[in-house]
Every structure is written in C-alpha cells, then in structure tokens.
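We call the chains A, B, C and D, going by the order they appear; numbering starts again at 1 in every chain.
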C-alpha cells in the first residue's frame, strides 16, 4: 500500500484551509497539532472551551501555570489580545455560530455528515466533553483522521454504527489518503495521494466516492 | 488581523434597506450617537437604509440618535421595552399615526432573547409575562408546577454599539452603566460595529477585564470624546442641525 | 376622612421591612423614594435593571455622569463595592430569584396577588420596562400606593380590570391607609391608621379585608 | 454586611446529606481544593455529608479534591461532561462497580443548564445532542426548520468555588482559566461559598472588573496560596494524607 500521510501531515493539510483571522477550535489530542502548521502570514485565533480566546503555544517545560490550560488540560500561554470568560459565554461562542471552524477527530464519519467520535460503545466510562456542542456550532466542522482504523476498516462509512456525536454536521474530512467533502449526502473526493488509484482508495472507503471535477493530488511537505 | 475602520461612514456602509439593527444603549447611556448619525448622513445622501427594524430598550428621546432616525423616516419597526422618554414625541406621533410598528417586549425578556440569539438558543421559557397581554399567542408550558411562556431568540443583521476601550482584535470594555445591552447585542448580530472612545493595541486590555471578547466584534471605529445623548437633549439639539 | 399618609410616609413604612444586607430593586418613580428611609444601622444593596448593583445616592446637581444612571434614567453614584454588568446578567439576578425584595407602584392589586401597573388601557404608547420580570423574580414583591385612585376608587380590588403585569405575584401592599398582606387569595389586614375604622377602610377597599390576629396601628413619623 | 467567614470548617458547615453540590473547576484549574478537603474532614469526623450529588465538569483526578470525596464514599452521583482524567481510577472503579451514578451531559449543555438555573429559565432548546444517545427521552422541537433538544435548568443547594479576589460584599474576580464554571455555579446555587486567595475591603475591586457580583455569593473564606490540584497530583498526593 502507498505510504500514507503522517498525523502531522494530515494536520498540516487541514491547517492550509484556515484563513487569516479565523476563530478556530481544535479538538483535544491529535487536532491540537493543527495549530503548529499555520501558513506564513496567517494567524488564527484559537478558542478553548474552558474560557480562553487567543491563547498562545505551550510554555517551556517547568513554566506551566495550571490556571492557564486548554480543554485537553495542557498548559498554554497568553498573548496580546487574549481574553478570559466563563463557560456559558464560551459555549455561547460555540453554539451561537461564532467559530469559523472546528477541527475534530473521528471514529467514523458517514456520507451524510454524521460524526461518531465520542464513544466506542457501552463499555467503560462514557465521556463526551464539548464535542457535541462544537459539531452544531462552528460554521465549518472538519475532521482529521486516518483513512482506516488500525485493523484496516473504513472510517468513512455509509452510516455510522458507533454512537453519534452529531447528525449531518461534518463538511470536510482530511484523511491520511485523501481530502473528501460531504455534499448533499455524498462523499465527494477533492484530493488523493497521487500514487493511490481511485479504485484502491474506494476499496478503503465504506461508501461511494463521488467526483465533482478534477481530483487534485494530495501533497504535503515533510513536517 | 486588524478590525479598525478609519471612518464612521465606512463602519455603517454595510447596513441595507429592510435590515434588523440592534442599537446599544439604555436611554442615552451607551447610545452610539456618532454611528447612528453617520447612518442618518448616509440615508440623507442616498435614500438608504430605510425600512429598518431597530431593536433598542427605548424608542428615542428628543431629536438626536434613534429619535432622529425615526424622524427621518428610516425606521419601520421598533422592538423595545420602554418607548417612552423625557421627550418621546417623535416616536409617539408616528406610532399613533400608524406609521411605525412596535413590538413591546418586557425588558428582561428582551435581554434574554438577544442573549439567546447570540448563544444559539432558539427558544426558552420564562415566567415573565405569563397571563398578561404580552404573552398572548405564545406557547406556554408548566415546569415543576409553575407556568412559563416560550420566547424566541432575537438576532440582527447588524449591531451598533458604543464601548470605552477596544483593541485591534475587537476586545471591548465599557464605561459604567453604558455597558447595558451592548455585550449581548454584539453576540446576536451577524455583524457588530463598535465605536470606541479609545482604540488600543492588542495587550492594551487586561485579559481578565475584557467584557466582550473580539470574536463577537467585526469592526471598531475610534470616536474620542463621544457625545452623550442626555447632554444633547438638554441642549435641545437636533440631528441634522436645524439651520435658521 | 382621616388624614392619610403622604407618599414619603408610605415609602418610610415600606423601608422598615427591608433587612440589613437585603438586595432590593425599587421601581422607577415613587418607589425610588424608599431608599431615603433605610433604618439606622441597616444598609440594603440596591439593584437597577440597567446593570448596577450597590449604587449610591443621586449626585449633587451638576455632578451627574450620564453613563451612571438608574432604570428611571436618573443619575446615581458609585460606592465601595459597586458592580457593573450587562442586561442579561442583570435580569438573571431578577428572574433567577436573587433579589430579596422588589417594591413597585400599582394601578390595581387584586386579592389573589395579581398586579396591574404598566398600562391603563389601549390608548397611547404602551411601555412595560422591567416590571413584568421583577414581579416574577424577586423573593418578595411589595407594592406601595395610595389606597384609592385620584377619583376615590379602590386600588385594592377583587380582580384587576386593567392589563396585568403579573399573576399572583404581590404579597404585601403598603398604602396611604393600611398595610395589607395577600395570603391564599385574600387581603389580610395587618396595620391601619388608628383613627380609621375598619368599616371605613373596608368601604375604600374593593374586596374583603380579612383579619388574622390583631391589627396594629399604622404609625409613621413626619418625613 | 460582611460575608467573610473565618474558617473553612464553618464555610462548609451547611452542607447536608443528600444535597446537590456544584463544585467549580475544569480539571484542576479553579478546583476549590481547600473547601473540598474541609468537607472531607467533616465527613470523616461526623459521617456527614454523604449521598451527595456533585456537579462538576469532570469526576476527579488522582486522590485529592473530588476524587478524594468519591474515594471516601461521600458521592452518590456525578453530573459531568468528561469523567476522565490523567488518573481517573477512583471514579472509574466505583462507576464500573455500580456504586456511583453518572449523568453525562455535553459540556456546553452543562454550562447552559447551570446558567439557566441561575437565570430563572426552567428550560431551553439547544441543537447539541440532537439525534444522539444523550438526547434520548428528551422533548425535541423544530424551529425555523432545524431540530433542537429541550434541556432543563440545573440548580444546586450549595456551590463551592474558588476565586482570586473577593470583597466583603462577595464581589469576585478569578484567575485566568480558573474562572470556567465558577461564575455560573455561583448563580445557580441556593448558597454559594467562595474561597478567595485574597480578601479585600469593598472598593478593592474595580466595579468594571467584577466578574461575579456579590448578589450571587453568600460567603467568602480567605485561603492564601491555595493548592493547585495538578501540582498535588504530580506529587502523588492523597487526601487525607497516607501515613506510613
């Protein structure tokens, strides 16, 4: 199989679509990596559910202030223009449609835009956090994910089998193999790795990939 | 990112006929007089914007600010809680003549509907107004044995507000009770324009003291020493000025 | 007819029932007068709808700052401990049951606690302000009013004929002649002017005055 | 009026068996560790309070704070959005053993339900959770062609929160992202107890910078240099301390 993109490269690709001045929420874990790859000359304003807008990078080890953390409980820093606010105001920003984009991880994304990213089933302790709010709040909800699960099963599916985070909310998926939009209940392929045939990509995808004009090569630098 | 706009005219350029405009202020405190007057200037020069729906606690006082907008004939409808003032003649005469519509909303419901619009809450229940004429025709429901009225969110195309300090990212602070409706209107409008008495670089406002985070603000225009509506009315001011 | 209390005396009487540290909203106009008569050693914290808690008295003429006004658009002052907040937070205080008492004027109060104080009918421009929120928010809603209208009709009535401000919300009425509680749909007389007979008071009242224990003399100093 | 209380023990004295307690904090930031530990002290001395319902974003971390309350057996139910942490063993084991109930609420819905409790809004509609397992059994409604879930307010008997500065009237400021749920919990509880790192005279907080007005606060207790939960957990702390 063709060499797939690394997580850093997927994050890099997602970062290219974030405009200067955009208000952005990055899901905890892998999506946080997107912040590293803002294109030269563009500066997004990052929002975290726990009440900070416009925070900066992680501090140097040993310099953490544990009152200054992101939603993943990792230490961040302030920058000129940072603002603090309480949780209801924070989710007013989310639910009220004020974020330009939210970038989240996924267990499954369905061709109708349904997202499953909070529960792998009834075992263990369920935990949802702010994901269900983000998917219905941000103007654009994008997913970054490996194209398939660890055991090779499609993560882009005809219909989610895992518990839903939100209904019909995802509009673009950045995977390790492709960039796929969700339009009118269909997966529309926008970019794929050049070395990967459409047939091979389709075989790794759980629902039909539609074409709408040319499919660009998905190219990422070594990052 | 720099949200500063250099002229009042440019700041109000996006407001078109038939739009819904939230205007900050409680009586004169917090009224963005310069923004309103810039909008009047545009209307007088171009005939637009007209047929506006204006959301404000009141309905103008004297012959400046919102009263002057109404006097010019720019306003088709007011949504407010208290369309009375020391000198409410401009609104009163047009209302009694059937030339302007009024949606009267209890003040707390007005505030909560605006906040709901900004927070993505399409409807909520409130005890306010239950059993009164102002709840007529609205859905009611009982929770824990008490009766409530269902109210809908309020949103606007544009909000015009007055703040004290604003940085280039749109973070705002206010001055005393001039704060009133401005922070929630900033949340509820598709586009929020703030006149600020002082524009500062990012970092010029303590992150703890930001009242309106910049995400709710689209542009700021600096207006040092803004007019106070109350002072204008005490001086019997008219806008535009009446010439002899 | 017996000399009735002045408005200032009615306000004085209402002020005697406000505890130290109580959070109080005074309706615009006549009720604002209550603030003048706080008993020695007690200090209420006054709330105004337009976003101030703990404001002080009116400034000296010429010293007004028109960004520092109350709901009646009159200039006030700040004191140590004053706080400013926006309108949604202000009415969260009201609707959320955080005020200890609201004191309002009235056109009519019914024996079931219904209040009419915002509209005298379909003529003119209607204006409601914050009254409808206050009557359903404060822990205790009291009314201060002349006992009868200018043309001698009862203001304490069997049922309101004017448009309602709120249903079943008033629990005590301070009038120019008496102090009347509303209990289980009845007017219960607590105090009356000593020189006024119960029969005379009843004749000026639009619904039965019930007795529940002794009726105290309503006495007020010259204020 | 002076809302200061001199001891942590007195500050938590009013919390009784079966009560609902909101506890501020997001992870460790804003966790009122000293108030929580004072409550644990009382439970160990008297056997009360127990069977508590605790509302917090999380469900404890390590063996201090809320985790220690759970470990002591004081908590019958958690209402939270994210009962996971670096070391969630205390909650996890009890939950999987069926010894503690969990009401899982999306984080923004949790915040809005608490704010609604404080603002006298018994129910509201949100898009969050529509079509998911967490909305099962809840009323749904359509507004302007979009589907929403009806959610109810959340209130508490007591809120325990951590603030930075507090004056004698109960006005509060916070420290950075330690603010999180504290301001809305202060609104939603019948009794709000705030530990403050610094108590000041009235006038010691700029009226523009007050985040929680005193009307929402019943008592403050000064705790200079409060413990940071994250630091305790990095030091593998237990409460009460494990003696050799």
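Just so it is clear, a contact is a pair of C-beta atoms (placed from the backbone, for glycine too) under 8 Å apart; a residue touches a chain by one contact, two chains touch by 3 or more.
Quick caveat, the model's predicted, so the values are computed rather than measured.
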Chain pair with the higher count of C-beta pairs in contact (B-C, A-B): B-C
Mean-CA-position distance for subunit D and subunit B (Å): 35
Subunit A and subunit D, separation of their C-alpha mean positions in angstrom: 30
Junction residues of subunit D, two or more chains touched: 112, 115, 119-121, 126-127, 174-176, 207-208, 211
Residues within subunit A bordering two or more other chains: 78, 84-85, 88, 91, 94-95, 136-137
Every chain pair in contact, whichever chains are involved: A-B, A-D, B-C, B-D, C-D
Complex contact set, residues of subunit B against subunit C: 26-30, 57, 81-86, 88, 91-92, 95-96, 102, 104-112, 114-115, 126-134, 174-184, 211, 228-231
Subunit D partner contacts - residues on subunit A that touch it in the complex: 48-52, 65-69, 73, 78, 84-88, 90-91, 94-95, 119, 124-133, 136-137, 163-167
List of subunit C residues in touch with subunit D within their complex: 20-21, 23, 43, 45, 47, 53-54, 78-85, 88-89, 91-99, 136-137
Residue ranges of subunit B touching subunit A (in the complex, touch as defined): 1, 115, 117-121, 167-169, 171, 187, 201-203, 207-208, 210, 213-216
Touching residues (chain side subunit D, partner subunit B) in the complex: 112, 116, 119-127, 141, 143-144, 146, 148, 152, 173-176, 206-209, 211
